[in-house]
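What follows is a structure written as structure tokens; I'll ask about it next.
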Amino acid sequence: MSAILLGILALPILAALALWAIPASIGDRLAAMYGSVISGLVLIGSLLLWPRSEGWFAYVPSQDQLLREGSRPLQAVTDVPWIPALGVRFHVAVDSISMPLIVLTALLTFVCCLYSLKITPRIGRTRSLIALLLVIEAGVIGAFSSMDLVLFFVCFEIVLIPMWLVIDIWGDDHDPVGRKRAANTFVLMTVLGSALMLLGFLLVYRQAGTFDLVQLTNSPVLGGHGVPLAAALLIAVGLAVKVPLWPLHIWLPDAHAKAPTVGSVLLAGVLLKLGTYGLIRILVPVLPDATATMAPYLAGFATVAIIAGSLACLAQTDVKRLIAYSSVGHMGFIVLGISTLSQAGLHGALFANIAHGIITGLLFFLAGAIKDRHDTSDLRTIGRALYARLPRIGGLLTFASLASLGLPGLAGFWGEMLVLLGAYRPADSLPRTTYLVFMVIAGLGTVLTAAYFLRLVRNLCQGDPAENPASAFAVDLSRIELITWAPLITLTVLLGVWPGLLLHQWGTL
Amino acid sequence: MIATAWRVAGVGFSLLVVLAAGLLYGVSPDQAAFLNSSVGDLTIGFAVRTDDLTVLMLAVVGVIATCVQVYSLGYLHQRAASYHALVTLFTAAMVTVVISDSLFFLLIGWEVMGACSYLLIGHYWERRDARSGAIKAFLMTRLGDVGFLFGIFVLGLGAGTFRISELDPAAISPGLLTGGTLLLLVGVVGKSAQVPLQTWLPDAMPGPSPVSALIHAATMVAAGVFLIARLYDVFSASQTTMTVLAVVACVTMLFAALCAMAAVEVKRVLAWSTVSQLAIMFSALSLGTTAGRHAALFHLVTHAAFKGLLFLCAGVLLHQVGSAAFVVLRRYTRRGRLRKALRVTFVTMTIGLASLAGVPGFAGFFSKDTVIEAAWHHARDGSVVGWIVLVSVCLTAAFTAFYCMRMWLWVFFRTPALAGALGAFEDENATADLDEPDTSKLRDAPWVMLAPLVLLAFAAIALGYVDGVHLDWVIASVSTVLVLLGALPAYSLWSRGADPRPVLLEREFGVGTAYHVMFVVPVQLLAKLTVAGDRDVIGGYVRGAGRAGTLASQGFRKLQTGNVQTYLTAAVVGVVALAVLAGVIGS
Amino acid sequence: MPLILPLLLAVVLFCIGVYGVLARRNAITLLMSFELMLNAVNLNLIAFDAWRVDGLATGQTLAVFVITLAAAEIGLGLAIVLLLFRGHGHVDADAARDLAEQERQETPELQEKGAAT
Amino acid sequence: MTLTWTDWQAIAVPLVLAVGAVAVLLIDSFWRSASVQLRHTVVTLLTVALILFGLVFVWAQRDDFKPAFCRPAVEGPAECSLVFEPLTAGLWAVLLIGALGVVGLSAYRLLSADVPVGEYHFLLLSALVGATVLAGARDLATVVIGLEVVSLPSFAMVALRRDRRGSEGALKAFLVSVLSTAVMLFGISYLYGVTGSLYLSTIANRLSGLDPELRRVAFAAGLFVIVGFGFKIAAVPFHGWLPDTYVGAPVEVTAFLAVVSKSAGVAGLLVLVTSGVAPSGSELRTVVAILAALTMTVGNLAALRQQEAVRLLAWSSIGQVGFLLAPLAVGDAQAVVGYLAAYVVVTVGAFGAVAVVQRHRPGGLLTDYRGMVRSEPGLAGALIFFLVVLAGLPPGLAGLFTKFAAFQAVIDAHLGWLAIVMAINVMIGLAVYLRWVAELFRLPAEDPFSVDIESPAVAMISLCAATAAVLSILPSTLFSLAI
């Protein structure tokens, strides 16, 4: 097991290095094929790792039980010292929380590589793009599987420069200044956030004397004030930049809008999850009391994010920006769920993580497809009546919008429902009335969410075809698009009708 | 090819529903749960059940859906694949609601219906009114659904289960019970277009007529009634909720009937009449008695038949004439052209309207009487709610007769009076009324469309007798009088060629505009504000930080004058400053 | 003699040196000012040594080192000043400003040769 | 009992280097019959051999403790002027590796023709002697001597090309340095007056039991000493000379200044702080912390808009010194040495890359680097890696972990405000380096830079890149330097 995990960590990196080592002239197609094979292997590997036991190590009552063979929910453990002088270990493992996210990462990367077989940014250089995607994949999987705070931090940072390059080089070729600024804002804000997060980790280390997450989870840093609170605050701020939580979300719309399609997909589908995963994996179990102190405020910001994100979407004129802002709202739901500290809320947050990854990935693919066909992502320039011009893509856009606005029966619903349920009954230590208010506001947020998605569908898909003639190059859904999107569509429906598929994994958190 | 497949699938599925209803008829009630998963101490999953209510609703849904699917074969020519697929999904969602024993499973069907209605109302997405009507429908029902979801939380957590069959009102504390049912009621109000969330239903009329039939007769709006009937134990345990329901229902039925009296389009009249009739069902439910529930369900069934029929008839008008507006239809009425050309339609529509108006002998008459009777019995027991319901339903009966009569006359008969009377339907072109359009090509619809009409017309009469006729002759005569009281003024106005429509009614009490001003405009403003805030405040800080960095950078570069003595001076000053600073920090 | 007197003198010397360094332009004068400062140091060292009398004569030893240092520095300093004179034709420290930050025309960062390859 | 005793092994490295320096000078002066090429090769090889000897020696003796010039103290253990201990070993290793890198950069055909080879290597070795002495010094006289022996040859090296720019750069560095020496000596004289000793350990002992009246004097004296070093390592506000001098000097000399000279200053300051002149809790550490915050902020900010590669590196090296001063302010030798090691390796590499480009594009603008990822993928890749290490982001894990150690030291010392300033500076620093990296990826306006790179440069840069890569994978090596 641990060999598989190490394999899926190392394979993308080595493959990326190998890809750079071979001459640039190998051709884009071959590079994409190579990337598809590698990421396909990683996907298979990650599926092999799918946990067979339930539960989460955090709530295993005692250390003994944790270490007893067979009942240990942590799988594929590799734990070797790395930098003894700093107390850093190379400790990776997976459990039922990280596993779905790892599979999601592998899936989205695979899909992105497949997509690049046929559809690549105009600037070319697909070889480097594929290599960077693989590096990002390795970094994200590393972050999801690391059981050491510093290792998590390192993996958290690994993705930054590749993502910066992806936005800066392959981004919107109409707006070089804008894409440069977007890339810089993204990378600088994230770096500042992660540096603050590191300070929080170090405070934890000062209190607990270890960076090891398993140990920290089993004997958390108690106390809701003073140093633990400072640590929790710093970690929360660092992760909130990544999530991104209002008002630290400002990098997100630009980054998404300017990134190439595959960049947006990975950014929204996977990278944002690092933040929420960190909150669930690190903040909640390691600093329980401080998190409880902070949770109402976190929930407040999350609620504002839901409303502000949705409102901002209502006034967007750019389809990619709109979807980006919708992520702000959705991630707000996830943070709200986490900050309820309740079973339902955490389950909801975890579920919404996956669902958002799949659905927003699909949405960005669709937005990319529309953008490629019209050479712009501005709603007014694209025109209306996509149903008439590109009926399949228009239909899929409607489907994805409905999924994203949380229609029951599709994946988006369960996460948000559980989050609201969590807010209805938050953990005992939290002020219930406050959370009820948040719940109601968040509930209204879902209506706003519906409003902007319907507005999007109305302004893009519907309309009089006579006034919006088809452009010459607009071809409906191509085969590669269908192939790459099919898994996402399938999962959206599957998780919608069978949420137990994931919820079952988590058992009692 | 795909369209044909979906056509077959659609008809087949609705027949399957009918078949299922037939098979399940008489089977003892049962439940089954599946795909459960536990979240903490809660179980989230799916469950189905079967009992009399399920069978009844399955039958209604199945029959109406079959009629609609078959009718659509003739009605719809463009984008048939997506249309039939969505209608099928719509039906399936309603079936889900009907058979569900899990609140979440029910919610899935509940909201998928909303989505399907959105997509179907927006079927003619080229049209502006269809687009906005669709959005309105979805958003208003969604708003109600949020309350519905919260209601599920309250009840589910209060009872510790999300299974409907396990919801025991005695196990839930009274406060939670009231809160939970009130929240569910919000969802019901949204779905069934009751006041104050009533405006979406009339605006949903640009959708294809068969879809309107489906929405109004068997699915979507009926789901609200069904839900309360399903959770009747829980609802009736909360007196407050029932009172609220009664008030909402009474206000709605009068409001909607009044609006229907001034509407100038067949489908809009029918839409308002649906709202009004649903309110009658709710008022029956709000009595909290077994008789009330029975009356409500009885009315639900008959209403499904005649309202489905009416909408399909309106569809024929639209299909054959091209419009359902009074002003257009009137042009075809010279020499009874319309009713001669569309003979089947005319007859079935007359039956439908008679049933709706409650003409004795038709199904609607019997079901409405059951409601009045239940209300009367309740009122006689000293219930204020009963009295309110009784009075409202009686008034509504009269109003209903008025607008049915008005529509029937104006659509199919030429007024004997001269044109130009008060409020008569005038075109912009005054002489247009005199030109008779070319009616030579006016034919009745193909048989696939007429067959459902005939079937439903039969049902609109026969359903009144399936329950066994047990009339309270006093009530029957009172209601007959009420029908006459309503119908006669309509006739008299028509014969004088006048149709006075008070502005207030014509504008539907200005609710739509008020909502626009109260909600849509502020939200749009807020949206602009948010974007501006993001750009100028939060973004401003970020940009400001960047600019500050740049400026500082330029500043430091300026300081780098190249003069070594400047550097030395800075250093000496720095030493002194450092000493002071360290002293300050140290002490 | 009280300790304070040589110390005061040293401070005065040092301050004169600092003033000279900051205020004079001629590089040679600057070097002389440095000499003053170093000599202030020497004075201090000797005075403290005489006050301490630790038997190792640490202060005096260091003073000798400082004198040597000063010689070396001045030697090198004069060489550099000579070089400066050869290059610039003067020995004004504040006039040698070739290496100051150039106010370059801000090159547009994105002046690229088209976006496409 | 002897008056003083010396373990000669402790001073073997400086001694050998000094003798070697003289030898180099003699060879160059008296072997005029040989061609320049041959002389250059011989001199370079000799220098490399000397440095390698030093490295091997340090490696072999890394765990030992060897004092030199010791005498029995009145109270407590013996007082020594120079000590070889694990910390010294670490510092020497860093200094020698840095010097080796610089020598590699100045190998044949890399050094510009107008720089005299013999003098150059002689001065380099002399400065290295000073640096090693400084890193081992345990009394203030030795510190001063060591510092001067590092400084004076450096100025000579700056002016070695004998041109306008060189002389101006040298003058600036010289004037500032002399002022700093004077200030430092002034401080030392008071420190001596207050404590009556020049031995660091004795001073530390006596400072703790000092009369409160004198404590102020001691503080001022300590401040002067630190300020003296502040000039040397170009901490803000004593940094003015650095950008001008870096730009004025030949690139190899700039590399030397940035690597060896700067490391020597840091080493000296580290010795002072850790040996007790600024014990924990003293205001002097606060001073260093303030200096750290100021230095990193000003350095990084000023680097933000630079358009010349060398000037950018100059300012960014100021920023890096700020990061070095942070763990120094809390006396964490391990973090300082680790940071220094990573800094030295990648700075040599970066200057190597700059030297290569500068030789063919003398303008030295950042825009000259456009398109290098395509035209010179190897060089560009290495340069990106060096910059990323400097920024402290993956894949430059060496930089990341050294910054991490600095953060850890600061957090452990409860200096929250400094940690926050550092966090902000990580961001600014990243912005600085990413600007350059972005240029490498941009499409150039004219032909991109592309040449046949000299093989010594290839070797040198690859060596640096390889070392940095190894340090990135095994960062624990960095922190085992000074245990």
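For clarity, chains are labelled A, B, C and D in written order, and residue numbers in each chain start from 1.
In this section, a residue touches a chain if its C-beta (ideal position, glycine included) is under 8 Å from a C-beta of that chain, and two chains touch if they have at least 3 such contacts.
By chain, UniProt protein names: A = NADH-quinone oxidoreductase subunit M; B = NADH-quinone oxidoreductase subunit L; C = NADH-quinone oxidoreductase subunit K; D = NADH-quinone oxidoreductase subunit N.
Since this is a predicted model, take the numbers as computed values, not measurements.
*Asks:* Between B-D and B-C, flag the pair that has more C-beta pairs in contact.
*Replies:* B-D
*Asks:* Which chain's mean C-alpha position is nearest the mean C-alpha position of the whole protein set?
*Replies:* That would be chain A.
*Asks:* List the centre-to-centre spacing of chain A and chain C in whole Å, with centres computed as mean CA coordinates.
*Replies:* 58
*Asks:* Roughly how many whole angstrom separate the Cα centroids of chain B and chain D?
*Replies:* Using C-alpha averages as centres, the distance is 78 Å.
*Asks:* Cα centroid separation between chain B and chain C, in whole Å?
*Replies:* Once rounded, the distance between the two centres reads 89 Å.
*Asks:* Taking each chain's centre as the mean position of its Cα atoms, how many Å separate chain A from chain B?
*Replies:* 37
*Asks:* Residues touching two or more other chains, restricted to chain D: which are they?
*Replies:* Residues 171-172, 175, 179, 183, 243-244, 431.
*Asks:* Please output the residue numbers of chain C that touch at least 2 other chains, ranges allowed.
*Replies:* 21, 93, 96-101, 110, 112, 115, 117
*Asks:* Which residues belonging to chain B are in contact with no fewer than two other chains?
*Replies:* In chain B, 557, 560, 562, 564, 566, 568 touch at least two other chains.
*Asks:* Flag every residue of chain C that touches chain B in the complex, lowest number first.
*Replies:* Residues 18, 21-22, 25, 93-94, 96-101.
*Asks:* Would you mind writing out the residues of chain B in touch with chain C in their complex?
*Replies:* 557-558, 560-566, 568-569, 572
*Asks:* If we count contacts the way the header does, which residues on chain A are in touch with chain D in the complex?
*Replies:* Answer in residue numbers: 20, 24, 82-86, 88, 139, 150, 154, 157-158, 160-161, 164-165, 168-169, 180, 184, 187-189, 191-192, 195-196, 198-199, 202-203, 205-206, 230.
*Asks:* Of all residues in chain D, which touch chain B in the complex?
*Replies:* Within the complex, chain D contacts chain B at residues 171-172, 175-176, 179, 183, 219-220, 223-224, 227, 231, 236-238, 240-241, 243-244, 283-284, 286-287, 290-291, 298, 301-306, 428, 431.
*Asks:* Quick one: which bits of chain B touch chain D in the complex? Just the residue numbers, please.
*Replies:* For this pair, the touching residues of chain B are 549-550, 552-554, 556-557, 559-560, 562, 564, 566-568, 570-571, 573-575, 577-579, 581-583, 585-586.
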